[in-house]
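For clarity, chains are labelled A, B, C, D and E in written order, and residue numbers in each chain start from 1.
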Amino acid sequence: MNAVSSAPILKIANVVAGYTAGHPVLRGVNLIAQPGHITGVLGPNGAGKSTLLRAIAGFLQPSSGRIVLGDEDIAALPPHRHMERRIALLPQGRSTFPELTVAENIELGGWTMRGDRARLRQAVEAMFARYPHLRALRDRPAGSLSGGQQRAVEIARLVIGDPKVLLIDEPSVGLSPIVAAQVYRELEALKAEGRTILLVDQDVRAAIKIADYAYVLSSGRNDIEGDRSAFEGDLGVMVRRWLGV
Amino acid sequence: MLDRLAFIITDGILLGLIYAIAGLGLSLVLGIMGIVNVAHSAFIMLGSFFAFELFRRLGLDPIISFFLAMPVFFLLGTIVYRALLTRIERVSQSQGLVAMFGLMVLIENLSTIAWTTDTRVITAAYTNASLVLGSLYIAQVKLIAGALALVLTLLFWAFLRFTLIGRAIRAMGQNRDAALSVGIDVRRLSAVVFGLGIACAGAAGVALAMVFPFSPNTQIQWLAWAFLVVILGGLGSVANTLIAGLIIGLLQSLSTAFLPFDYVYLVLYVLLAVILVLRREGLTLVVKRAI
Amino acid sequence: GREALAQQQPIVIGGTLGLTGSFAEPSADYKVVYQRWLDEVNEKGGLLGRPVKMIIYNDESTPTVAQSLYSRLLDQDQVDLVLAPYTTFIGGAIVPIVLSHQKLLFNGGFVGINIFKHAKGSIIGSYTYQEPDYTRGLFELIKGLPEDKRPKRVAIFAAQNPFPIVVRDGVGGVGGALNFAKAAGMSVVLNEQYPPNTTDFTGLVQKAKEANADMLLELGLPNDSLQVARTVKQQGYKPLIFCTCGSQVTTLSAWPKLGSAADGVIGTTISWPSQGYAGLTELADAFKKRGDDTLPTYAIVGYAILQVIEQAVDGAKTLNQGALKAYVHSHEFKTVAGNFRYQDDGTPVFSQVVLQYIKGKNQVVWPKDAQTAALVTPMP
Amino acid sequence: MLSLFFLPSSDNGSTRLRRLLVWLALSIALIVYGVVGRQLFLLSTLSTVFLYVVLTQAWNILGGYGGYLNFGMVTFFGVGAYTSAVLFQYFELSPFLTAPVAGLASAVLGVLIGIPTLRIRGAYFALVTMIITFAVQTLVLDMPVTQGALGVYLQPVRLSPLGVEQLFYFLFLGCAVAVTALVYAIEHSNFGWALIAIREDEDAAEIVGVRTVEVKWIANAVAAFIAGVVGGLYAQRIMYIEPSGTFAFDISLNVVLMAVVGGAGTWQGPLIGAPLVLLVADMLRVTVTSEVNRAIFSVIVILIALFIPGGVMGVWTRWRRRHKPKTVEAPS
Amino acid sequence: MTASAEQPLLAIDAVGKRFGGVIALDDVSFSVGAHSVVGLIGPNGSGKTTLLNVINGVFAADHGEVRLSGIRIDRKRSCELAATGLTRTFQAARVFRTLAVRQNLFIPLLHQSALDRTAASARANELLELVGLTKHAESIASEISGGQQRLLEFARALVSRPRLVLMDEPFAGVHPQIKTLLVRCIRDSVAREGTSFIIVSHEVPDLVAMSDFMVCLVEGRTAATGSPATVIQNERVIEGYLGRA
């Protein structure tokens, strides 16, 4: 099915995971992310998309199944070890450090560079250059920013860590159209830099537009999948199918 | 009059420095980990006995013990963290508090068994001596303890303020998951924070033992002082803790001089009430989060 | 022989001590002498030919706990003789329970003239002076000093705790440092009380110094008194007389550790080996092992009350409480605290020793007949 | 201002009744024992249990349901005790009569303290309430009417020892039953739900229409009132009160401990926690008479706090949820 | 202005609010009639959330007035306003975490002393059905997905049959299919119950379709007001917010 034949960078095989023992949320999910591609993960509310990303990022221990990054099974790895392997999560909802300033928030995104303070400082400046609208907010505590401004800080904090694989959960929520469009352009730029992106988004149209390949989850299981053309062709039908209406 | 004022102020400042370090570790652990370490004063007491034993057995001066206490108690703190705190972080706040109280009582009782409840004092060469400036007598031991307290406070302040780890420590307190996802090893860093808190308690215990009598069962009085400092200073800010300690020390020496002594504490509590009415989280201005 | 003794139903003496909590320090001293007495009496063949057993619970320095434990001692354990717990505020709470069970309370644990009076002789004490008389010996001593060595201006620090307050104020205009000072023609230039948990006394001592007080009375607990003594030294304050007249702190093991700050400080206690009471030297020797020249007052009174029990039971040949009460009130007892004669309220007749800590030793400076050294004044 | 009404409950009526019956049977057994029991010691231990049930239930209102951890319950208790004692000292009024006044005095204090403190959340609130105990204690030490450190003596009740024990047994039992009933009612009323909403998210609760400030004040005042009433009765029971024992921090701590052991935020929690803690402590006290008993007790406390989340009631509800088939409602 | 000639339901008059140096709202005025939906748009950080916060009493305005049915409400507490029929949702979902989903819906009813239990239950069930949470009704609120929590908030705002609802990005992270249900539900409430809405959303097409009136804030000022069609044609709105497609 998969058009690209290079070795997948991230491979999820038969993952079963949940929050309480005996009640799995993910009930055997399979997924492959090709390097340098954007892979969409779609599905109705409560399908288990965020749970999947959290499991990949190490916040949840799968009770069975494998999560393979490159050629290493990272399923049992604690979350903070993921950044060393340059795989990073942008979680759903708010996740700034509210009492630290915007600059400090972004700086901490480069925690793995902590050995080299000069480089880190440069990287922070590079982020302000890349996201100029954050510059004015530089010394404000992140908790006092508006919802969209906080999301922007989070994205900058993600990017500064220079991850190879990005797990992104609803990047554009709360962003105004201009900024949202920028974010999608940014995702494409990240892809162009050779990074791999796993994108969860409710904005199906936007997601399909930039995703190379997309999976649909429903009730913690794989539903349908396909590449961009497959989805663009018959979006309405697809949407109706996921809902099982 | 002038030398009286000078006396009041120096005495207040020295006292305030000592109070400040009694509260410093507590403030740190509470502000960052959200854990009210009521066993704090028990660790202070252990610090005092640490100095006592080194003094009794090896004749080691408490000034040296002060610096020895930091690594030793840091280690102790990380061990306690691994044994207890990793679980406390997972239970509800009330249960965590109760567990910490259990720890306090346990330490107190084990110390009673080890050292009996006799009141102890450490008398070093300088303990009974004073610096005499005209009619002004300043106890040397307080000068030394005050200086040590200041050093400790500055060390902490610089650490939290200027190092990236310090920033990561603050970040961890604000959003644990986010800290994890930028790659911060939260468990390890929490152990460091708790270790630092206990190191601070241990060092404070040494400083207190230089100045005041101590015994395993009177440790709890320091809890009250530490609380006072923390409530006034707010959580997790070293500078504010220092300021709070100084305010309390100065207020105590001022009101001692001009009021009947038993009102000193009332004055302190009134001050506290005023602060709480004016700004609810002590001197620390916490960011009101956007809704 | 021992065998026969062991087979008999033991006589049970019960009580509590605050082995943990705020009163653990004195309670520990009691525990030591209780055990010592128990070993001795059983060695000698027990009481009334029966072995003696002791049940001492830990009341955690908490009155409610003590109450429930005394109920248990009286109801469940059916003790024959009841010992008081340490300190007035625990003792006050259990007195009604004990008395309502028609038991005598053998009290080596607390002073409290009011409580004694209420009980109308059913509390048998071993403290030879109650709170109003804590400073009596000191003022008697001062009366005997030459005019130029007598202090004129008194400063008083009292801990906010029931007993130091009565030590200062007396009861119903009788006794108390304030009254004694007035009677001796001194003026009280500073009268301060300090709360529990007071850490630092520099300001307070400074006040006394500024008031030119030539006599300082520290009425407090061990912790406070140690710190006051140290601060007095640090502030270069040298009154003619400095007495720690609250808890008998100069006889505790920490006192010598104060170094030069300990020197010249006056304290009071119940009795001292120089008075020649039988057994007191041996008791002092037992405590010497714990620290140089310390004989805690608690040890003396704790041991003495058991001697009273021993002599009363042996003398009256019964455990009947009424008979014991009558016996106690009509006989003399030879104890390490002195030779007791009981007054109607159940307290022994006043006797006291004033000590001064000179060159690393407690010396008796009053009364004259037990004196081991002359008073050194002003303080060194 | 705040009307009280009951919300729809998911429990069905008959199981709830059956569960209530267990408690009812227990209270009847206790009443019978109070009449026929002759062991003073047991009577007195049980009345201490009841006393703590009352205090823990009072704590439970704001602490358990509302999530405001008051580590200074003894403040209200002590103020109640002192109010009664002082009224006796100056007006010869028996604490049996003045206990409600003692409650009122505590409630007033509760409201006064509540104004600055109930805006403070989380651990910081726990700290502040601890300090308030010290502050009130200092005040009592310094005030002439309370006779400072000397304390106040009250008159013994003119009854036989058994009579006295029975009197307090029934008084405290009565209070315990009444307060438990009140807490039960609160749990099932909109007031209780409002407290729970506050515990969960205070801002959201306020915005959704819960009068958070009033609810917290009332909860605090009610708790203070209850603690004050039993404080007044306690003064009569112990007959001599003075500041350090009456405001002993241990009491505050015990209350929280009992709530945590039994299960905070449930009306059954205090009924389970208070006897359990007291009995274990008592057992240790008489079996291990040295100071080691407190060390053992503290280890038990630590283990319970760490390994039994939600206390006994937490274990029970989790067990039930696991063993009862989940009734899934059919969509209409 | 809105059509109704008589007194508007909500009148916002020259409201200003600043945080330290940040001017979040500057002289904002508009009004909301009964039975109407007002769409509130604007770039990130333009003051939309702040405006909602001022209306329902979370923040006090520095100056200006807010009137509900002619009565000043800008110094009133949020709980009093809720009792008079003003409710809201939050930009970042705030549910009562340890309560069951159904119990969450009861909280807004607490202040309605004249509660008919069966009616309340029926209403709760109806809304749960609408947002697709029926099968999660007994789940603990913290154990549903991020999107579902937002849906729960939506239901919670409507359960007490309010007069005016302030919604902060109700559609963010909501599945397209459910979004259409929400839109329909809002229309129904307006039509049947006469509820009015102020809806903040960055999903402009949806908002345009459902609003009677639209306001665009830019940097705390009203950049444009009027019918949705005119507002989105406005040059300043396109410049500052929508971007040129």
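Following the convention adopted for this analysis, a contact is a pair of C-beta atoms (placed from the backbone, for glycine too) under 8 Å apart; a residue touches a chain by one contact, two chains touch by 3 or more.
In this text the structure is predicted, and so the values were computed from the model without any measurement.
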item: Chain whose average C-alpha position is farthest from subunit D's own; value: A
item: Most remote chain, CA-based centroid, reference being subunit B; value: E
item: Rounded Å distance between subunit A and subunit D, as computed from the means of their C-alpha atoms; value: 49
item: Length of the line joining the C-alpha centres of subunit B and subunit D, rounded to whole Å; value: 32
item: Distance from subunit C to subunit B - Cα centre to Cα centre, in angstrom; value: 36
item: Averaged-CA centre spacing for the pair subunit E and subunit A, given as whole angstrom; value: 29
item: Per-residue multi-chain contacts in subunit A, two or more chains; value: 144-147
item: Contacts with 2+ other chains: residues of subunit C; value: 20-22, 24, 160, 193, 195-197
item: Multi-chain contact sites of subunit D, meaning residues that touch two or more partners; value: 134, 138, 141-142, 203, 291, 294
item: Subunit B - residues contacting subunit C, complex; value: 4, 7-8, 11, 15, 108-109, 112, 116-123, 127-130, 132, 137, 139, 141-142, 212-213, 215-218, 221, 224-225, 252-253, 256-257, 260-262, 265
item: Residue ranges of subunit D touching subunit C (in the complex, touch as defined); value: 39-42, 44-45, 48, 134, 138, 141-142, 148-151, 153, 156, 160-161, 164, 238-240, 242-245, 248, 250, 282, 285-286, 289-291, 293-294
item: Contact set on subunit D toward subunit E in their complex; value: 3, 5, 7-8, 10, 190, 193-194, 196-197, 200-201, 203-213, 326, 328-329, 331-332
item: Footprint of subunit D on subunit C - complex, ascending; value: 19-22, 24, 55-58, 60, 62-65, 67-69, 71-72, 74-76, 89-90, 92-93, 96-97, 100-101, 114, 159-162, 164-166, 193, 195-197
item: Of subunit E, residues touching subunit D in the complex; value: 56, 58, 77-80, 82-83, 87-88, 90, 94-100, 102-103, 106-111, 113, 115, 117, 120-121, 125, 129, 134-135, 137-138, 156, 160
